[in-house]
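Heads up, the next two complexes both have subunit A, just with different partners, subunit B and then subunit C.
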Partner chain A sequence: MIIIGERINGLFKNVRKAIQEKDPGPIQELAKKQVAAGAHYLDVNTGPAVDNPAEVMDWLVETVQEVVDVPLAIDAAKMEAIEAGLKVHKNGRPIINSTTAEPKMLEKALYLAGEYNALLIGLAMNEKGVPKDSDSRVAIAMEIIATADSCGFSPSDILIDPLILPVGVAQDHAPEVLETIRQMKLLADPPPKTVLGLSNVSQETKHRSLINRTFLVMAMAMGLDSVIMDANDQELMQALATARILLNQEIYAESYLEI
Partner chain B sequence: MELPLIKENWQSKVFEVTLGATSENNGTRGKTITIGGASTLPYFFSEGEIPHRPQLAMEVWDMVPDNWPEKLLEPFSDVINDPGAWAQKCIEEYGADLIQLKLVSAHPEQKNASPEEMEEVVKKVLQAVDVPLIITGPGNEKKDNEIMPAVAEVSRGENCLLGLALEENYRTLAGSCIANGHTIISTSPIDINLAKQLNILLGEMNVPRDKIVIDPTTGALGYGLEYTYSIMERIRLAALQGDKTVAMPFLNFVGEEAWRTKESRESAMEGGNIKLGLSWEILTAITFLHAGSDLLVLRHPESVKRVKEHIDNMMKGKKI
Partner chain C sequence: MIIIGERINGLFKNVRKAIQEKDPGPIQELAKKQVAAGAHYLDVNTGPAVDNPAEVMDWLVETVQEVVDVPLAIDAAKMEAIEAGLKVHKNGRPIINSTTAEPKMLEKALYLAGEYNALLIGLAMNEKGVPKDSDSRVAIAMEIIATADSCGFSPSDILIDPLILPVGVAQDHAPEVLETIRQMKLLADPPPKTVLGLSNVSQETKHRSLINRTFLVMAMAMGLDSVIMDANDQELMQALATARILLNQEIYAESYLEI
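Up next is the complex of A and B:
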């Protein structure tokens, strides 16, 4: 299970403030803390409230790379900002976060993925928005995989995010997302990878951490490969480690939580 | 139509473990020996790197072995009373890469020798040969904890491989290894979960992961060989898939186990044909080489020669 740390995101107040003041301290702290907790990748997102996203992304990536050597998921709405991050990315294979199946956007994202040897997160949505059921999600994922294939990518270069919505708002989506993850493994050989932006499931709920870890474990049972989450939520990390044991992905030992 | 070979893409590799220390690192060994480092299954050169060939150690006792049949003792008859000369013969004449010094005489049921006596034996062997040493206690919990700290201290800086650390008794040895710059043998009873558990416990004591060698407990041919084999296989697969807690090189005490069997012992007695016992030792050794063994301890010089030939041949393997 690839853990992508979610905390370096301009949506968080302390990150937004650090970005505005060009203060590397809090960002580097977050980077080190997440990697120490076990994050394999760090997501880096400037947040929506910046005027010059490309410039900020460049600074964010450089700032993070000064203190950790894990690869990054370059997370932005605009491809210009993503490219700015990819340009200065130096540790391992970056992830582009993300594209929808909307042809123009997908084409640009695939171009960048090829240019910078990046993995690409494909959101199971198009210009019409997030589908209601798993069949439509799978169909959109298939479009992304087919387009990527025609550009010479392997399905395993693509991480399909079936898009989970907050359970308090759209409760009927969770089972559809789980089914989509399961279906992904049957879609191609090698199958595409899957990823979830986990915390979205618990937006505006009272028991965020509990909902996050319950859903993560359910998604892992369906074959989830990677997750964007809070690596510093210890109970979430423990649930993940336990699920790996129960799925026989990790050898059991009495002290498996102490690793 | 040509069938493309499907190649596994391993994510991780076995830790490289170096034994011995030369003057550059405050030791007195003439050479160091590095094992491990493989990023593929044994001899699968097409799927990764195997930077170091498996190494062969020979057993040297601090007393005349009381349970070796005559013909097994024969090659050592002129040196059997002198661990230093015995070690020299193994290295110079029989081509062993390193020595396992077994401190058997310290056992309460043997001579109950003192820590001071054991220090003398260790000093003697360190002077007699300049290869890295594996040193193991008598296998009595109380006595091990008395002599091994003394042994670790008198060989300080030599980066010996000391054992055995067991789940029920590892703290004293681990502490001695850390304090004196040695590497540790992590022994588990043919059990993958306990192998991992002990390595986690050693990690909690701050033993670095590249200072641990796994002894999975060796079953000889006909006496549990396939259990050891499958445990080693599973451990190595987990290591290559990224589990760092089990990604250590393997050590197999082959000679001890192969010559413990009734068949081998009888073959080396008066009137027996020792070829059977030799085959037992050689076959057991070769089996574990193919399960990923990095370090084998053998008894008979003929076995060392034959197993070495096998390693030579396997290491010639080409990428396909």
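Up next is the complex of A and C:
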């Protein structure tokens, strides 16, 4: 299970402030803290409230790379900002986060993925939005994979995000997302990878950590490969480690939580 | 999700002592406590260390029924003891716990199920033991269902227990059990019900509650219908409630844990 730390995101107040003040301290602290907790990648997102996203992304990536050497998921709404991050990315294979199946966006994202040898997160949505049922999500994922294939990518270069919505807003989506994850394993050989932006499921709920870890464990049972999450949520990390044991992905030892 | 409380079992010291002393107090306390916590059924098991299992089962069932009115799962190795419990059972439809696919045992159990209008737990094992892979577990379940069908039972009268083994002993069984639960939904129409003796997965481990609730959530994602568990493990009950929300089996409300 690949853990992608979610915390360097301009949506968080302390990150937004650090970006505005060009203060590397808080960003670098978050980077080190997430990697120390077990994150294999760090997501880096400028947040929506910046005028010059490409410039900010360049600074964020450089700032993070000064203190940790994990690869990054370059996360932005605009491909210009993503490209700015890819240009200065230096540790391993970056992840482009993300594209929808909308043809122009997908084409641009695939171009960048090829140019910078990046993995690409494809969201199970298109210009019409996020469909509810798993069949429609799978159909959109298939479009992304077919387009990627026609550009010479392996399905395993693509991480399909079936898009979990907040349970308080769209509860009926949650089981559809689980089924979509399961279906991905049957879609191609090698299958595409799967990823979830986990915290979204618990937006505006009272028991965020409990809801996050319960959904993660369910998604892992369905075959989830990677997750964007709070690596510093210790109960979440313990649930993840336990799920890995029960899926026989890690050899059981009494001390498995202490590693 | 049907919760079957596990605590009235002669394997527990306090229950064994109460049985030996014919002291109804501790048994009735456990009965009330489990029902108050949300158990829909109570499992009643004399434990292996009694000379007169039929007589003890009779006493246990009567003792429990004096204080709670949920139906019981009559749990014994010997059909004589099970029948003694069924004879005095009075609240709703009892569960016979359990039979293997071994023909003579299965025949006897089906006879009792018909005689006492009971549901029947069928273990995915036969005279050769518990198979490892899910295909073999499913094949044994299918034998049980086919035999039950030939005796006039609906598949939904049968609860298949795919038999989870302790993760420290047979870790590779755990994902096979999950897959078996999923397959059960595809096996017949109506499908058989599924049940797990949950606590077995964490026998002799250091983090019992965490392992129990993580496996329960995974099994629920696969479609588990009922579970024999510790209804007084609050974190387990919270994980179960959260899984129900995320599977859209219960309408989300911010206060869902307080109900």
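The working rule: the second predicted complex is superposed on the first by the 259 of 259 C-alpha atoms of A that agree within 3 Å, B and C clash if a C-alpha of one lies under 4 Å from a C-alpha of the other, contacts with A are read in each partner's own complex, and residues count from 1 in each chain.
Basically, contacts are C-beta pairs under 8 Å (C-beta built on N, C-alpha and C of every residue); 3 or more make two chains touch, one makes a residue touch a chain.
Note that the structure is predicted; figures quoted are calculated from it, not measured.
S.K.: Looking at the combined model built on subunit A, do subunit B and subunit C fit side by side or clash?
M.R.: fit
S.K.: Answer with first, second, both or neither: which of subunit B and subunit C does A:Val167 touch in the superposed model?
M.R.: After superposing on A, A:Val167 lies in contact with subunit C but is clear of subunit B.
S.K.: In the overlaid three-chain picture, which partner chain does A:Thr214 touch, first (subunit B) or second (subunit C), both, or neither?
M.R.: A:Thr214: touches subunit C, not subunit B.
S.K.: Once the structures are superposed on A, label A:Tyr111 by its partner contacts, choosing first (subunit B), second (subunit C), both or neither.
M.R.: Touch partners of A:Tyr111: none, neither subunit B nor subunit C.
S.K.: Using centres of C-alpha atoms, tell me the angle at subunit A that subunit B and subunit C span after the overlay, to the nearest 10°.
M.R.: 70
S.K.: Counting residues of subunit A touched by each partner, does subunit B or subunit C come out ahead?
M.R.: Of subunit B and subunit C, more residues of subunit A lie in contact with C.
S.K.: Can you give the closest approach of subunit B to subunit C, taken over C-alpha atoms and in whole Å, for the superposition?
M.R.: So the smallest C-alpha to C-alpha spacing between these two chains is 8 Å.
S.K.: Shared contact residues on subunit A for subunit B and subunit C?
M.R.: Shared contact residues on subunit A (touching subunit B in one complex, subunit C in the other): 251-252, 254-255.
S.K.: Mind listing the subunit B positions that touch subunit A in their complex?
M.R.: Subunit B residues touching subunit A: 192-194, 196-197, 200-201, 203-204, 234-235, 238, 243, 245-246.
S.K.: Across the complex, what residues on subunit A touch subunit B?
M.R.: Interface residues on subunit A, with respect to subunit B: 250-256, 258-259.
S.K.: Could you pull out which subunit C residues touch subunit A in their complex?
M.R.: The touching residues are 167-168, 171-172, 174-175, 178, 201, 205-207, 210-211, 214-215, 217-218, 220-222, 238-239, 242-243, 245-248, 251-252, 254-255, 257.
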